[in-house]
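So, here's a batch of structures to check.
Below are two complexes that have chain A in common, paired first with chain B and then with chain C.
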Partner chain A sequence: MDDISTFLQIIFWGLYAGCIYILLATGLNLIFGVMKVVNFAHGEFLMIGAYITATIFLLTGINPYVIMLVSMLALIVMGAAVERLCFRPILGTGKLNEIFLSIGLIYIIQNGAAIIWTDEWQSIRSPYNGITVPIGTLDVPLDYILIMIITAAILCGLYLFIRKTTIGMQMQAASQNRKGAMLVGIDVERIDVVSFGLGCALAAAAGTLWVVSGQVFNPYIGSIPAVKAFAIIILGGLGSIPGAVIGGLLMGLAENGAAYLLGGIWKDAISFVILIVVLIVRPTGLFGEKED
Partner chain B sequence: MLTDRDRLVKYGSIITVVVAAVLPFLTDNMFIINLLVLMLIAVIFASAWNLLAYSGQGSLGHAAFLGIGAYASTLIAAKAGIPPLVTVFLGGAVAAFIGILIGLTCVRLKEWFLAMVTFGFAIIVQTLTVSVLAPVSGGWDGIASPRIISASVAGYQTIEYYIVLAITLLSLFAIWYIMKSKVGLAFLAIRENELEARAAGIDPVRYRLLAFAMSAYLAGVAGALQIHHIGYLTPELYGAENSFWPITYVILGGLGTLIGPVIGTVVLTIIWEGLKETGMTFGRYVIIGVILILTIIFLPRGLVSLPEEIKAWREKRGRRAGTETQIPAK
Partner chain C sequence: MNYRVLIIAALIIAAALIAGCSQSQPAQQQPSGTAAPGAASSGVIKIGVIASLTGPASNVGTNMWNSAQVAAEKINGDGGVTMKDGSKARIQLIVGDDESTATGGNKAATKLITDDKVDILVGGYSSAVTSAYEQVIADNKIPFVVTGASSPIITHRTDGIDTSYVFHHCPTTDTYGEYTTKFIDQVIRPAVNKKLGAAESRPFRLALLYQDTAFGKGVQTAVNNTITKNKLNIQLVSQQSYKMGDTDFRTQLTAIKAANPDAVYLGAFPNEGAPAITQARRDIGLNTIFLNVENNDNAQFYKDLGQYGEGAVIESRYSPYIAPAGAVSDAQNGFKQAYFAKFKTYPDMMGASTYDGIFIASRAISNAGTTDKAAVRQALVDLKMPQVVHAMKDQTISFSPDFRESTFDLWMEQLSMDATAGETRPKIVWPDNLKTTEFVLPSWYVPGPAS
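Coming up: the complex of A and B.
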């Protein structure tokens, strides 16, 4: 009996962690798909999103699930600014340049946040803190269930946006063939800004879900989840949103399982062990394409 | 034939070496000597990273080799009783060996996959150090490391400075030699166009592995020197910050050049220590980040290219001024 509830506990932890990874990986996929840009500083947007939600919540007491929308809007603006100021000027000068530029962004955003909010660990209590829903033998916190529902809702919304709206279809066109999209009159640079902003908004949503779950946060929480999100993209296929969803869930489950079996210290390392093993077998990723 | 730039580099290097050699005579401030030693070690580390980037491979986890070199050297020195001055090079060899192993997984990867794997590798090594290897590594608490020169020797810091200076110059000479040799040419060919390099009979896998081994060796030596100088070793050496520093130094100085890492390290160390005087904590990192981004956007070839850029800018301005004066003459 005890074993089963431990097992379920791990699964729920894994699904929760998976939700955060899915949102990050999907955002990165959007940006990579359209701009072919590798932004290692993506986790920093998660962190800023987390702080914006937490700060507004502490100041006003509004339900943090509602503040998430504000946080996402703020990050769209921030993402658009970062794209214009930093990535636009170096677009097409090589992947390494983008990676180095992300390192500069990591320095600026992390420590800028530390100046504003200090680098102390913080946490907030969601209004639903303490409410649990019995599922089988396990009492699952309501927050976890809400987090999963919200992630699913965001993904559905995103799917509809990409499939049904004009901008969404333009994004698809730009990611399939940038030159072709330009030729049919799509303003590709505007699409760049939109996809970068959207990607950052998804990161802000992930940040909000991070804080409402009651997890502690400080300005340095973003880096590792972002790199893991990249690992998920490599495993799940570049530009593939279903791949990001399945990869995110598997990554969340794998690392929580490993943390239970091998000890908590292995939680971060295990994702990279998986990544390296997969890349040894298939250097282009599980569903990788040949072309760059 | 020496061009202006070659001459500048030649005399600049001679002056730098002379200044570096007489510096300890100008100050007996231990704080400054200590800082200079750490700066020289950073030069080795940045040059090691630069050598790998020279072959077209950008690592985000070079702290792994820094740490492996440091742990290997410390453990060999402590367990076998060999003087640290010898184990420093053994530590480098261990780092090079592991560098080849990780290189084997990396050589076939695209540039940003490689960045991911190296970043993850540093985390894996750190995790191993504090979990499985904790009985020998001391876990998160770390272990004491014997000093290069015992603190009981008079003027030990100055002696250490000269030892580290000699190793730095030796490393730079080795890198210069590699870059000038056929191996260096092969690195360049692979970096610029792998397919053409292969057509010319260069085996990219072999040369990439060679670059990995040499770079890891120098990074390991740098790590060992740093830890024997400080006298204490913790797993924080593997931290991402230590992986990012050499990148910042090299980008600012000039990627893929011999003196770029040296200039970048010296300039950034001066800026960093200067900002420390103002009492900044997080602000310093923000400024470093801004410098890094501005360099990538506006001076992509680094400070090394500054004289050329200024010359080109002047000529452009001169030409424009020339045409302006011609217009009324028409």
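Coming up: the complex of A and C.
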């Protein structure tokens, strides 16, 4: 293997990691953009999405890429329930309440999952396991190509939903000026439910892609990706969907580049090094707008 | 929006969730080593079991705790522990969950010692976690039989923390790192040379992928030292590390493949080793021999590996699927059956050494005839008892006078596909007196360059 080929492979793994981050961070940003709530339990929705897909796959043998839709629907329902029961009552009462509520949710969801699925590490094999696609000098497993295509498709779908549908435009309005949106008759509480549900559905998609790529999972896998997703949305700019996409890609590439060039121990640390540098140079993040 | 609150909170959470390896906090309580030994006189010996019941190592930790319970039931069922005055004492186990973190370990050890007032401690898995609460052990002068953490640092500390009450019943990374490296030199290297038609002088190209903790670095150090000390014809062509609990090893494996190794030695936990091998074979096309540390020899590892385990090698002392012929085989089968009857699953290696650990703690207290901690410590120093479920050197459990380490008989096993099980199963290939088959290079194996 020559140097160029190795370099291209590292980029490829960075793009793959970036896809998971993008979906997670975009969902987080969607919720933050509309509701302005801080939900540290977002990674737990990734974990639940992963388990739902894996469980249905193991029980039925249906293609996990198809099950992803079921998993996303289930997480829309779960997200809506969490929004109504947990976040709505404390909305506007202060960031600390949101932070501690979400930390409580982390433990509740993690332990709930451990009771249902046990806390042993598990993994599944995608039906396309072992199939590779030649791309230039690389032989790339088909699953990773599918993961990138699906991520791009979900982002396109999300763009169209936000730009072209009434509810999407209402979400934009609520995100830009919540009071103004209420004054013109938009039911912002309904928008909150939709945004939270959609954000969780994106986390479920990330969870599904996590398991089809053969990554092991247990009830605790969501914590670290959630912390990184927060770093990504602060990096990209709070509330900015393009920021989350660029930030996610940047993070995936930087992590894998750092693991290759500096050693594996730098993989997680580089996320926060980049975050600090960006905040020093541009305090609102790459695509963030100035604070009110 | 207040950025500062968000960022500070994110960093607090990051620190709490990612790091999990903070420095040990000196315990505040008074030493209890001289406390009156009342427990045994009341007919109960309290053994504290420190295990990771939650967090990333919970799979192994639960197995350790379950095994301790099976051991206690066996001892109590046989009449209990005989004390100096001839009376019998029952064993009472109390578990402390280290939460797979250093801070959790500190809490668990402190609670077991000060609140539950246990007479002796058994357990400890992650070396990083276990070494973090050794200050608590030292402050309280309580005997501790470590049955899971394998870094030599457990009893070789150079930072002034007193480990004289810590006894290590688990091969260290030094021991099995050296053992595995010698296997590579004596068995795999000649096989690769034969396949390549290469001269004996061709250096064997070994790559390392290790967890960046005391455990993983211990494996790395042991391999390097063994090569240097024994002047082995092994060249380390790539040494890659990763953070504990990582699930994506593709970048490190890509770098390893670029170095064209003849074999890869993993200093990894089972939840890391299985995905690493799978990613290497399936995603990277790294078709080589993967050597694994003994803690990977558990049922979940075989299940997670599936067909990608074919040809892999594990250094072992206890396997869910095989046992060396002889007395140990019966003991292991008895333990496995008792465990299965209670938990409907099978014990793993750390469970087996924790099972041993409860017997060791009981024997030490019996020999001391008291629960006085200094006396129990001395009994552990003087201990010579028959092996329990592990094959031990001279079939005897005793601790070395210098670093209080017991000596195990190890073996190497190679995995091959079992069509009935749908996954791989091990067979012993080394040493000669234990092997049931020969080590083979799989047909798909790709060595490094011939010269």
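Keep this in mind: the second predicted complex is superposed on the first by the 280 of 292 C-alpha atoms of A that agree within 3 Å, B and C clash if a C-alpha of one lies under 4 Å from a C-alpha of the other, contacts with A are read in each partner's own complex, and residues count from 1 in each chain.
Keep in mind that, in the parts below, contacts are C-beta pairs under 8 Å (C-beta built on N, C-alpha and C of every residue); 3 or more make two chains touch, one makes a residue touch a chain.
All values derive from a computational prediction rather than experimental measurement.
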Fit-or-clash call for chain B and chain C when the two complexes are aligned on chain A: clash
For A:263, decide between first (touching chain B), second (touching chain C), both and neither. both
Quick check on the superposed pair: does A:108 touch chain B, chain C, both, or neither? Answer first, second, both or neither. first
Would you check which partner chain A:130 touches, where first means chain B only, second means chain C only, and both and neither mean what they say? second
Quick check on the superposed pair: does A:196 touch chain B, chain C, both, or neither? Answer first, second, both or neither. neither
Where does A:273 make contact in the superposed view: on chain B (first), on chain C (second), on both, or on neither? first
Quick one: classify A:95 as touching chain B (first), chain C (second), both or neither. both
Using the superposition on chain A described above, determine whether A:283 touches chain B (first), chain C (second), both, or neither. both
Between chain B (first) and chain C (second), which, if any, makes contact with A:38: first, second, both or neither? both
Going by the contact rule set out at the top, does A:230 touch chain B (first), chain C (second), both, or neither? both
Superposition clash, chain B versus chain C, among 200-208, 236-244 or 254-262: 236-244
Mind sorting out which residues of chain A both chain B and chain C touch, each in its own complex? 38, 40, 95-96, 99, 103, 114, 119, 223-224, 227, 230-231, 234, 263, 265, 268, 272, 279, 283, 292
Help me check something: in the complex, which residues belonging to chain C touch chain A? 1-3, 5-7, 9-11, 13-14, 17-18, 54-56, 58-59, 62, 212, 240-243, 245-252, 254-255, 257-258, 260, 270-271, 274-275, 278-279, 282-285, 300, 304, 306
Interface residues, chain A side, partner chain C - complex: 1, 3, 6, 9-10, 13-14, 16-17, 36, 38, 40, 95-96, 99, 103, 114, 119-123, 125, 129-130, 132, 139, 141, 144, 214-218, 220-221, 223-224, 227, 230-231, 234, 238, 256, 259-260, 263-265, 267-268, 272, 279, 283, 291-292
List the residues on chain A that touch chain B in their complex, please. 38, 40, 86, 89-90, 93-101, 103-108, 110-112, 114-115, 119, 223-224, 227, 230-231, 234, 262-263, 265-266, 268-269, 271-273, 275-276, 279-280, 283-285, 292
How about chain B: which of its residues touch chain A in the complex? 53, 58, 60, 105, 108-113, 115-117, 119-121, 123-124, 126-128, 130-131, 240, 244, 247-248, 251, 281-286, 288-293, 296-297, 300
